[in-house]
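Down below is the structure, laid out as structure tokens.
The first chain written gets the first letter, and so on, giving A, B, C and D; residue counts start at 1 in each chain.
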Amino acid sequence: MNPRPMLKLSHFLNSGNKLFQRRLRGENAGNCYNLMSSAGFSTARQSYGAEGRTSSRIFADYSIFKGKAALSAAPVLPTFSKMDSGHTKVDRRGVIMLTFRPAIGERKYDSEKKQLFALSVTEVGSFISLGPGDSCEFYHDPSIQSRDAGQVRKSLSVKPHADGYFISLSVTNNISKITERFTVPVTTAEFAVMRSAFSFALPHIMGWAHSTNPPTDSVGRDFPKVHPQLAAASEWDR
Amino acid sequence: MNPRPMLKLSHFLNSGNKLFQRRLRGENAGNCYNLMSSAGFSTARQSYGAEGRTSSRIFADYSIFKGKAALSAAPVLPTFSKMDSGHTKVDRRGVIMLTFRPAIGERKYDSEKKQLFALSVTEVGSFISLGPGDSCEFYHDPSIQSRDAGQVRKSLSVKPHADGYFISLSVTNNISKITERFTVPVTTAEFAVMRSAFSFALPHIMGWAHSTNPPTDSVGRDFPKVHPQLAAASEWDR
Amino acid sequence: MNPRPMLKLSHFLNSGNKLFQRRLRGENAGNCYNLMSSAGFSTARQSYGAEGRTSSRIFADYSIFKGKAALSAAPVLPTFSKMDSGHTKVDRRGVIMLTFRPAIGERKYDSEKKQLFALSVTEVGSFISLGPGDSCEFYHDPSIQSRDAGQVRKSLSVKPHADGYFISLSVTNNISKITERFTVPVTTAEFAVMRSAFSFALPHIMGWAHSTNPPTDSVGRDFPKVHPQLAAASEWDR
Amino acid sequence: MNPRPMLKLSHFLNSGNKLFQRRLRGENAGNCYNLMSSAGFSTARQSYGAEGRTSSRIFADYSIFKGKAALSAAPVLPTFSKMDSGHTKVDRRGVIMLTFRPAIGERKYDSEKKQLFALSVTEVGSFISLGPGDSCEFYHDPSIQSRDAGQVRKSLSVKPHADGYFISLSVTNNISKITERFTVPVTTAEFAVMRSAFSFALPHIMGWAHSTNPPTDSVGRDFPKVHPQLAAASEWDR
């Protein structure tokens, strides 16, 4: 058992600490997204895909269809914002989005009743480093930064069985007193696909795949330049 | 032993369940391809490579030549289709195509008598997660969705030996009462190449390599855009 | 324990051995950068990113915020220079730059007091191959090539704890008699992210990701060419 | 010990078996290159980098400098040829080229006396799958396909020591009765870099990185096409 308790972060939100708010957005993607969708898209013009274009126009879910529920996984890339220096930085880290759909008949699944769980970068790290027999559990709270904290909660657990893992999502609403629960048995082979695909996706959702591959919009600019990071690249400067 | 029994899916085919049909195409590529080749290519205009171009124009088989047969492996990329939203989704997952050719003389191999086996995404997951001493077996039936189910069957097995694995394909035709069998001994080094290459190929045949790398046809479109997935990216929305 | 003692290299510096100097720059990046920043950027026009453009315009730090300090990691790509042959070679290898910031209040971190440590290619190799319970330590000296060698020293240590590793940086200044010390406890999940991201970044900071992917500035040049490396590609030539 | 005896292939060379000759070129790169350099470059116009351009214009050796010799490693990409169908196939697989240089003074290395060893795809598979305590050995003969077979031979061995591996090359010339021998002790960290970099390079030298990423010369061709591989993609066709 390697449980990862939900961070109680709500009281930090008025601290005005930019670094820490960035962490909130990065590490607890769910909260952040919720914030953003409440805030509407009025600032969305400042936020765009790397290289100034929409970054996820191709959908390629990996789906596992089982008796009681279906589980789909897909990477969601980070978003980027332009700094005053003209350079680009990660605005919001990407996630691996898990979607659960309940079965509503023989191999029919109800998209209307789907529930989502967005694995953060560090949760993906936990997932891909699971050894045989290991388990892990993650907790998300959409209202963590408000007085409604704790009213609705999601927990995702990954627990071993004879040939693979059970991946379960439970969504508890303390107001409506309703708990929804999905459990999908994942075979060793299916888990190997997830582990391999999540490992591949990790540097992409972190933005490292973008930062190590220069933007293609500079194709053809073939003249030497002084590195803007040259000074910053020295560990002896501050 | 980790046998993976052939799924008996034929009775689901008239269910009209789109999700499930997609699974059929994704998970049992062989069946799907067969369906498609029966159906002809009349709808092929709707199906094309990511970024609107032919996606596999470079052939790079990894081939192993042994005394009784040769085994070649090559990735086949997924195909994509355009959605009404203008976005692109995986239409049919890719596979790792294995080709067996019988020896017909000293190190001569007969391409006329070749037999193919298309490893699905999940079968590749099973293959690359084989530990020392592990084995696995996969079953394909081209007629699984018709009354001819079971007449022709293919099974691929991977079984350990002292220095590597035996990879065997058997094709059984219950009508002609003919069974063809190929066995290729694969060394530990050759298996390491296959495992490494299949692992590399996995996110490509799943379409994740495409979905994490924005289409290059947008090179030069350098203006901010609202993310169409922004709402969908929140795990708190439905 | 797998300590890696600081190499005593200063007496080689006047040897005029180009290969060795390149090694100094590659293997002890900190020293090299220091040399370069002392030397100013007068030669910087000869040094530019692969494909003749600035190579790190997207910033995507992976940051871990803990009680006493924050640790950020980001890849810094190699720089390249054009040879007389018209080909390009790595001029200076990249690094993984680690940045430590002390906490100055509840989850506030002081960027003014940050300290950097640039993991070289081989140090990254050591980092990603740490097994459970392993530890390692690296030493850097900015003045290693001068009479001030040993006056200021940095050491980075990675030591196991119950759920992950302690990553510590100490900076000792023998002149001012000041030692600064940062320790960041990194969970198993966070370490898995670092290992995975550093592994991904390794071929990029080595320049192999560039050398295996032809420069995109040649897009559209679609005519056969004799390989300039064809002769060199034979192990039987000298 | 996992010795890999030199294959005695010379008597197959007049068989006219194209498949097997391709194997010779692919699997025993040294021999092949030798053949090609004897044959001159008269056919070189048919052989070019993927996407019709020179494929290795960026040099990024990974070099290890030790007391008696230096060892450098660099990927050499495959070459490609155009088929009558208009598609492209791998003409000659790539290699990881190892270069040994003897020390001729304190940390000076003699490039005039360098010796090369080209690790084939399968030899790279053997190298990257070495477990702790494992060793391997490879044999190359430049004249394997002629009556001079056995006159000059190279063998590369990788043997474990307390902190890493000894990588040794010996070149034996039975005519001049001269044997040259290089041994480079490689630390665990340096070996981790090699393993990681070789694993990264493997799908590139196999050509799989090219076959899974469509040629960029088709950028902008944004119209649907029928897949030429569609039929071939069915395992039920021949």
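Structure notes:
Following the convention adopted for this analysis, a residue touches a chain if its C-beta (ideal position, glycine included) is under 8 Å from a C-beta of that chain, and two chains touch if they have at least 3 such contacts.
Note that this is a predicted model, so its numbers are computed, not measured.
Bringing chain A onto chain B by least-squares fit of CA atoms involves turning it by 90°, to the nearest 5.
The distance from the centre of chain A to the centre of chain C, each centre being the mean of the chain's C-alpha atoms, comes to 28 Å.
Per-chain Cα centroids separate chain A from chain D by 39 Å. Residue numbers of chain B whose C-beta contacts span two or more other chains: 50, 209, 216, 219. By the definition of touch given earlier, these chain pairs are in contact: A-B, A-C, B-D, C-D. Within the complex, the chain D residues that touch chain B are 2, 4, 12, 15, 17, 19-20, 22-23, 26, 50, 78, 80, 83, 87-90, 121-126, 128-129, 199, 202-203, 206-216, 218-238. Of all the residues in chain C, the ones that touch chain A in their complex are 29-30, 33-34, 36-37, 41, 44-63, 65, 70, 74-77, 79, 95, 97, 106-109, 112, 114-118, 140, 142, 154, 163, 187-193, 196-197, 200-201, 204, 209, 216-217, 219.
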